[in-house]
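Right after this note come the structures.
Okay, so chain A shows up in both of these, paired with chain B first and chain C after.
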Partner chain A sequence: MSLRIYAICYLIFLYAPIVLLPLFAFNDATVIAFPLSGFTTDWFAELATNKSLHAAVKNSLFIAFTSALTSTLLGICAARAGAMHRFPLKAGIMGFIMLPLVLPEIIVAVSLLVVVVQIFDWGLSNWTIIAAHVLICTPFCIAILNGAFQNLDPSMEEAAMDLGESRFAAFRLVTLPLVMPGIISSMLIAFTISLDEFIIAFFLSGASPTMPVYIWGLLRFPASLPVVMALGTILVTLSIILLTIAELLRRRGMARAGVKDKGGFL
Partner chain B sequence: MTALITLTGVNKYYADYHALRDINLTINAGEFFSLLGPSGCGKTTLLRTIAGFEQVTDGVVMIGGADMAAVPANLRPTNMVFQSYAIFPHLSVAENVAFGLRKSKDIDKQTKAEMVEEALTMVGLAGYGKRAAHALSGGQRQRVALARALILKPKVLLLDEPLSALDKKMREQMQVELIRLQRQVGITFILVTHDQEEALVMSDRIAVMFEGEIGQLADPETLYRRPNSRRVASFIGKMNFLEAEVNAVSDVIAIDVEGLGPLQVSLEQAPEPVKQGPAVVGIRPETLGILFEGETTDRKLIDGVVDEVVYYGDMTYYDIRIKGISQAINIAMKNLIGRPVLEVGEAAQVIWDERALVVLN
Partner chain C sequence: MWQKLTSTESGRGLLMVGPPFLYALILMAFPLIAIFLFSFWTQDFMNLDMTFTLNNYREIIEKPIYGALLQRSLMVSGAVTVVTVLLAFPVAYFISFHVRPDRKSLWLFLITIPFWTSYLIRVFLWKVILGYNGVINTGLLNIGLIDEPLTFILYNVNAVIITLAHAFAPFAILPIFVALEKIDRSLLEASQDLGESKFMTFIRITLPLAMPGVVGAVLIVFIPTIGDYVTPELMGGAGGKLIANMIQTQFLALNNAPLGAALAIVAMLCVTAISLVFVLLNRRWLKGRS
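Moving on, here comes the complex of A and B:
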């Protein structure tokens, strides 16, 4: 009984603030306070006409897509090597690749800023953010893809080669379809991480901010708070949808490979 | 008989580990050949070397007269049934079986479908083509793996412990089916197994491997009756070992065996040449006997005491202590009508014959 109360309190603590987002996004008042005054979709309409916001969203989508693609590609290589080959210091190397998972983002951001600006003297742009996002997304991709590749029987590819296919064709015809749910799941999670990432984007963005950085900028003007709430609502919904799709695909992949479910992110 | 596969001076190293040691081997066309040995003896490595999944460090692998050094696995005239079967779970049974035909562009769809059905019929899975591969049982997966490999009519079918994942009944059934299949298609089968019974039942010839070397290469009967070393003798079936001293070797071997006294045995009873000096003598449990009450024998008898009894239903295995022999002797007796099962401590008369002895160095 006490455990149940604890669980309920915990869930309220986790999700109550998020529930407030849509509540105020549809509230007909510029001040964020109870009681609610009335229903409106004005804030969403304002989102639709804000040019600089559109630019920020476009930036973010580009960065998120490119980072997701790159980190998933890197993840495929690492996970495949980790699952199918034995090489010296494998455990150490794999552990080292996973390290950015636990590195504080602020450290990554500051050190990358130093490297990019001080050492190489490159300008800051979307590409510097992409590089940093690839760095932090890759461990997540490896973690997801590891699951997909480790469930794969290494003789599968050999069997395809034995039946006359080249190494690459064997990978394309057998391995790829079997790990595809994992790949899509990895892309979606990397996309979500990059889309909401703030600290690195804040440090490394050039002239055009990403969406989270733009939202942070808006917070200085109290009148624009409801618009932020509306944007937040869309973001939360999008994140939940993407993560759900990612998890469903991961589970389908598990079922297809005929293995028992072993954890995951949801 | 024509040689199909010849391995000459094959060595394989994994870093410092010497996995295959100077293997010289000829496998004939149409033969059912087995590589038998304990785990880690190199038998799977040898099979994978023939398949092209492992490169030899040193030596030559020839298949059908062609050097395989530069030929990758996908171009070799071999097909493999993997230990895990490696059935592609995202494809149907028919798509699995037809996988190897993808490269044969000159065969039309209709013919391919007929070939698939024919291959499935051959392994007893007619009509299973539309089923999803991941929904099959272990035995069915294995049949699909066989059909998938045989549809390409390879010169050699390689089988990597194909029966080890099946239960005992299924395994015995598949042994018989594999023999039938091999005779039917006439393809050379190379089987890797750690199960000596499986190898004896199925093979024309067996290579017994230990630590990367071939210990003995012979047909099943020779291997069982005349093992050439103590490790082969103890790996295949049960064997009692007795200390002995070879006194003289002429056209017979004069030998003094512990507990049995001085004897003369024929030269064939020593698979490897023996010299004067200490030796080991092996004798199989089923070539010994116990004289039960009311039975008679014209063979030699020696007195002993029952030390241990293991009852198997059709057989009873006795450990008998005999004066002058350091270890208890294991004897297998058929439980025929009227034969009692002796108890520990009872006296027993052991029937023996020196013709059943094998002399080992």
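Moving on, here comes the complex of A and C:
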């Protein structure tokens, strides 16, 4: 019983900052502090007219979509190899691919910065951010897709091949539909990570900032803080919706593959 | 060659794992090697001098600011790790042992949601909670527990630790939960049948078996926290800056990439060394018990 109370307190601790967001987003005052003064939707209206914010959002959406697609494709390869094949040095190779999960983001950022700018002199663009985001998203995609691939029976694909399908057609017709929910769930998670990532984007963004980089700029000006709160409210709502869809799909994928759900994304 | 790869089981496996492996090799391993080489070079305004030198490392050792920052960063990462793992363990234990199986994934989902939502804004909101006119101070003033706002909770190392502990919470809960889930429940019954109390069963059975998860949690919190510069920048004030802030300054503001690279390498080496010692000590402790 006392454990349950502790766990609920812990949840409150986790949600405390997020709960404050809408309070200040609708608050009729320019300072972010209590007591609240009155209700307004002005801050949201301001979001709608801000041109440079729109550009940053567009940038971020492009980066997040491309990163999600690429890292999920790489994730499918790795998860399938990990679950359905045996090959030499398997544990080492899989561990190496998962390494970005524990690598500090600043290390990823500065090492790519050095390579791109100092060694190749290519200049920074959205593509440098995408390259780094794919690297850090892939381990998460693999973790999610593992759940979908793990208990898949390899004999189903073999049966399709025995019946005359090519190897690729067997994958497309048999395995792909079974792991589809996992794939979409993995894309949604990678999309969310990339959309929200700041540390790497700050180092690697070129002339056009991503949304988190733009928000970072706003945080320095007290006058723009209520607008940031409004933007944050929209972002949090959006990511909760995306994550809920991802979770529902992940569960359906587990059910399709006939695995008992052991919980969580990781 | 191609024929050989596609015709054998292990060949097909290697072909499959090839693309993600090559991606990690090109975008992680090579850049890491590059930054390592870079730390032995020097930068003079716009020109890069590629002669081998240990000057960057010498500067890090000789100027006390770098040592102090590194020490503070390791202390903060260590404190964050201890706080996060200690707070997370009971939650993971509760979900694994006391929640109905069909409700477990709901709990895990609820715990992971805040982790995926706008990191920058979350850090900033801790400023709103801990600040001079913040939630805690107004609350405590209103119920009359304090007469003046508390000032020791923002713009110092404590604020950095609280915020980071919040940010890394799910990272600590999930590995511990997975380890606890794997424990064969009949072992616990056996221990109690043989006369151990509930508490001793926990100490002698549950805790050692949960240790791999705890180690995983420690590593996955300790290593990445060293690279965070957002939280110290926003929450740390003048006295709460960490090594990552210095790396960022060297790269972006001072345009001294080689020194920044050397700092990054030193920070990585320290973190890796501490992690290895921790893993080895833990392994010896577990071995000593069996």
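The rule is simple: the second predicted complex is superposed on the first by the 260 of 266 C-alpha atoms of A that agree within 3 Å, B and C clash if a C-alpha of one lies under 4 Å from a C-alpha of the other, contacts with A are read in each partner's own complex, and residues count from 1 in each chain.
Here, a contact is a pair of C-beta atoms (placed from the backbone, for glycine too) under 8 Å apart; a residue touches a chain by one contact, two chains touch by 3 or more.
Fair warning: this is a prediction, and the values are worked out from it, not measured in the lab.
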| item | value |
| --- | --- |
| Clash or fit, chain B versus chain C on superposed chain A | fit |
| Contacts of A:55 with chain B and chain C, given as first, second, both or neither | neither |
| First, second, both or neither for A:69, with chain B first and chain C second | neither |
| Chain touching more of chain A, residue-wise (chain B, chain C) | C |
| Which superposed partner A:178 touches (first chain B, second chain C, both, neither) | first |
| Superposition-derived angle with apex at the Cα centre of chain A and sides reaching chain B and chain C, degrees in steps of 10 | 90 |
| Which of chain B and chain C A:110 touches, first, second, both or neither | second |
| Contacts of A:160 with chain B and chain C, given as first, second, both or neither | first |
| Touched partner set for A:101, first chain B, second chain C, both or neither | second |
| Shortest span in Å between Cα atoms of chain B and of chain C, once chain A is used as the common reference | 7 |
| Touching residues (chain side chain C, partner chain A) in the complex | 9-14, 16-21, 23-25, 27-32, 34-35, 38, 48, 87, 90-91, 93-95, 98, 104-105, 107-114, 116-122, 124-126, 128-129, 131, 133-135, 138, 166, 169, 174-175, 177-178, 181, 219-220, 223-230, 234, 244, 247-248, 251-252, 257, 260-261, 264, 267-268, 271 |
| Complex interface listing, chain B residues touching chain A | 51, 53, 72-75, 78-80, 82-84, 86, 88-90, 99-100, 102-103, 134, 148-149, 152 |
| Complex contact set, residues of chain A against chain B | 153, 155-156, 158-166, 170, 174, 177-178, 256-258 |
| Complex contacts: residues of chain A adjacent to chain C | 3-4, 6-7, 10-11, 13-18, 20-21, 24, 31-35, 73-75, 77-78, 80-82, 85-88, 90, 93-94, 96-97, 99-108, 110-115, 118-119, 131-132, 134-135, 138, 142, 189, 192-193, 196-199, 203, 212, 215-216, 219, 228-229, 231-232, 235-236, 239-240, 243, 247, 251, 261-266 |
